[in-house]
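Once you've had a glance at the structure underneath, I'll fire off some questions.
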């Protein structure tokens, strides 16, 4: 009675077998394959596209390297798909190194790394190495985006007419607090040291949407949040999320005759199409970091480590050398440009150190005493927002 | 139009509903198709009307072969069929129903159709208000509407399947005279029925079917004897009236009122004794249905009290009534009585006493076998009930009555059955009455009521307007009461 | 029956091919990749089974409600609530003791949660007169809201407010895996048992017969002495129980935490599975397997063929449309023909 079904399934299975045999026979000259798991779309003009282009850079510059990637790796876009499952697949396709680009993939990539001890793993933005949870084949890496965010805050403060800067935050965790805090410190520095104004007159509001990008029905709608900012007197919005809603809304507001600027995030090209309102973009430049990792994976030795890659202070926008940069936008006023150049130089020479005491948290407790410079770990694990910032600092 | 069917076969799986039927219908005549339930009448007509495809055979219209595969196709060739349950749209008005299927495009005005409808109605002696919803019409009126619609759609051959089932005597007269005038106009009419008297009264020629083949044809004047023997192979014996002596109280409705049906039921007080057989007469929707359902505990009266035996059961549910030996059987066999999709065995399993977790399939199948044998059902334990013919479904329903009921409440228990089956049913029910069960049944056949009931109640507009013993009344008096004339 | 299912699947494939062609994708290569990506290796098959488990469980549950004529759209919410209660129980066990007992309790809690959610829809239907489709849809929204609120509120990771999910459970609270193969034998065993149990319940028990009778003709079943409303509630309990178990496995066996999309749409997909398999207990797991293959294999389209990944969404939507179209056609063809009641 179930003959017909059985037939269909048999055809299915036989085809599968034939195909897999054929597949193995075809593999010839072996390139060095690395896999890339992207949390968002590869062309999101944001975080994931930056990684995707980093991977392309590796393919171009490291002989023999070949990338396979899968994007939209999140349970909302791909229900039922798990990280270990994707990793299995990539390994089957010959990947020797797998890079996972989102904080969200922490548990999954750790599980996968345990299951494939011979494959090299990189978890971008993760801290398993610091916490000791990482298996031996797992590396953590990240770019020092703090500097980019400081620059973003810096130009925001020099641009705002109302003295109100909005920060469109993703979800709340150590990374996002750290980045929002950096933006605030950059803004406060510009306000106090360049404009010589009272920091109390600077409003810096953080609103979190709940994830790295909009998931309808799950997160707050970033377009809505940005609208709210501009409608309530904020004229510069710094985006902390992976997508470019802030620029879109600013453009729309500018068209309505309002003064509105935005600073997107993550991707060097994020200003494109919004030049009239875009002050610039702090971005990751994964190419150099990735090629370093791929080369290390090819030649060895591979060991578990935590690396935090900074900008090339000689030229923070040199895409062959820098890991983090700040691309100026067309809306940036010439005067501000000049101040920014000085600011970057001072950051590079450590003449200006923003994570330096006295600094307090939002609740008034002490973060850094007078003269104390924060260690990497202190910055990395920022537990609260800083004094002077408004908005939820932790999930209570 | 000359209609000629040659060697028509229709098989449903292994069942041969029609096996080689030849039939000729002349223009301007009324042709009767006679046969007991399951003889293949409806199947043959559905083939002719394009409702089901034939397995084999030829249909000639005015000598040329035609092929169509839908009722619309048949109607384009001038063949229209009036079904047992007219297919119309209850919420739409009479006029809108009339227009349905006739209007092509938006240009045809409503007024044109209104005039056309009224003209047809006047010609045929129908009284239809074009503006009331079709849902408010009686079965007879819906039939009239459908008839008018078919004529207006250009039908030259009209097929009527059991048209006198469920309509009043008055409506039957109207229908018959309308059919005669239609035939006089040159159209052909095919009348399918198992009611000998209807066919004899109306038809010019009769074809009798039995078990899927033609067993004979006859032209006026008809011989009833001969027709019966063509139908049954032998003549059925008439039933004998029961004449039970009434015993203790079986049912007592005390000044009961309830909504439902067209008229509801108002201030009804009735005693029913054990062993009594009571017939309920009246036009459809006059209150009989509500009466039976109140007595079964299916409708809760908003006033008055209901006693079963000596017990006050007011406000209790059907299942509580059931446990006192009350059994109710609805008129619509496949809508309420039997469960489409379930086999005879599965029905038997449902009736099996609860308590056990597992179904005792062996017991249920044995039970099904027993019932099929005892109740002469043409089917197997594995037959889905919808595959049985109407008469067999009715027998099956009777088989599912409890073994020893106290009170039997039956809605039209013999509707659509041939005479032989009617006798068989009443023989069976009679046995229950002899044992002391009270039987209350409704019927649209006055003859049946007069034949089997100890008492007859006539319902009119929600009231019982007559309560008499059959020997004290006759069909004429009952007919007048049914029409509200006392 | 099986023939019809095969026919439906063929139509589905036809539709999908059309969509692929319209999208400019090579259909044959796409299918090759899907097949290879789902059955090409034992590892792949284990992933397929991982999807098959919750899908089949939800489908098992739906067989009860379909049998009695209820459209249990709420199955999606029942999966979610099952997942929530499982998470609740597992969250209590961080000390590393009695992992297996806690897991057992968590599965039971999941079943109870799904059943509870289903009974709510059932009562809305039988007591409140709310059609089960609307009750179910409403409760799905409530369940999704509950999951989001828990993740963002009471159950958030310490110091973190993220929609990415609750904290991962300690490993002793994961359903044990087979070495090398990523399948929980317990979950697989329970799912297979569920299929057999469902077949048995529907075929051999009085309850199964009652479901069929009431589903085929509620009025007549009532006249036969059955209690349609109580039986409907019981059917909902069964459906919710299986759906809840599916949610439990999603939490305890797959994600090891509660995430917003914990149900992965398996509830809705299971509705499709059961309809496509003509409401058959034995065909449903096969169709579920087919869909699981599609789910796992279609990831190859973006990975290998660089097809815009929204295409798999379009394919899924096409599947739904094709399945519904076939369903409607089948329902229509069933009405025509057949011996009639009259003579």
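The first chain written gets the first letter, and so on, giving A, B and C; residue counts start at 1 in each chain.
The definition used in the following text is that a residue touches a chain if its C-beta (ideal position, glycine included) is under 8 Å from a C-beta of that chain, and two chains touch if they have at least 3 such contacts.
Every value quoted in this text rests on a predicted model; they were computed, and no experiment measured them.
Chain contacts here run in a simple line, from one end chain through to the other with no loop closing. Measuring from the average of all protein CA coordinates, the nearest chain centre is that of C.
Relative to the C-alpha centre of chain A, the farthest chain centre belongs to B.
Centre-to-centre, using mean CA coordinates, chain A is 35 Å away from chain C.
Rounded to a whole number, the gap between the C-alpha centres of chain A and chain B is 77 angstrom. With centres defined as mean CA coordinates, chain C is found 46 Å away from chain B.
Multi-chain contact residues of chain C (touching two or more other chains) are absent. The set of chain A residues touching two or more other chains is empty. Those residues of chain B that touch chain C in the shared complex are 12, 15, 17, 35-43, 46, 52-53, 84, 161-162, 194, 318-319, 322, 328, 330, 333-342, 346-347, 349-351, 354, 356-359, 361, 386-391, 393, 400, 416, 418. Across the complex, chain C meets chain A through its residues 1-3, 5-7, 9-10, 32, 35-41, 43-44, 47, 50-51, 144, 148, 152, 156-157, 159-165, 168, 182, 254-257, 259-266, 282-283, 286, 289-290, 293, 295-296, 299-300, 302-304, 309.
Within the complex formed with chain C, the residues of chain A that make contact are 1-5, 7-9, 12-13, 15-16, 19-20, 23, 41, 68-72, 75-82, 84-86, 88-89, 92-93, 103-104, 107, 115, 171-174, 208, 210-211, 215, 217-219, 383, 392, 394-395.
Those residues of chain C whose C-beta lies close enough to touch chain B in the complex are 204-210, 212-213, 216-217, 219-227, 336-343.
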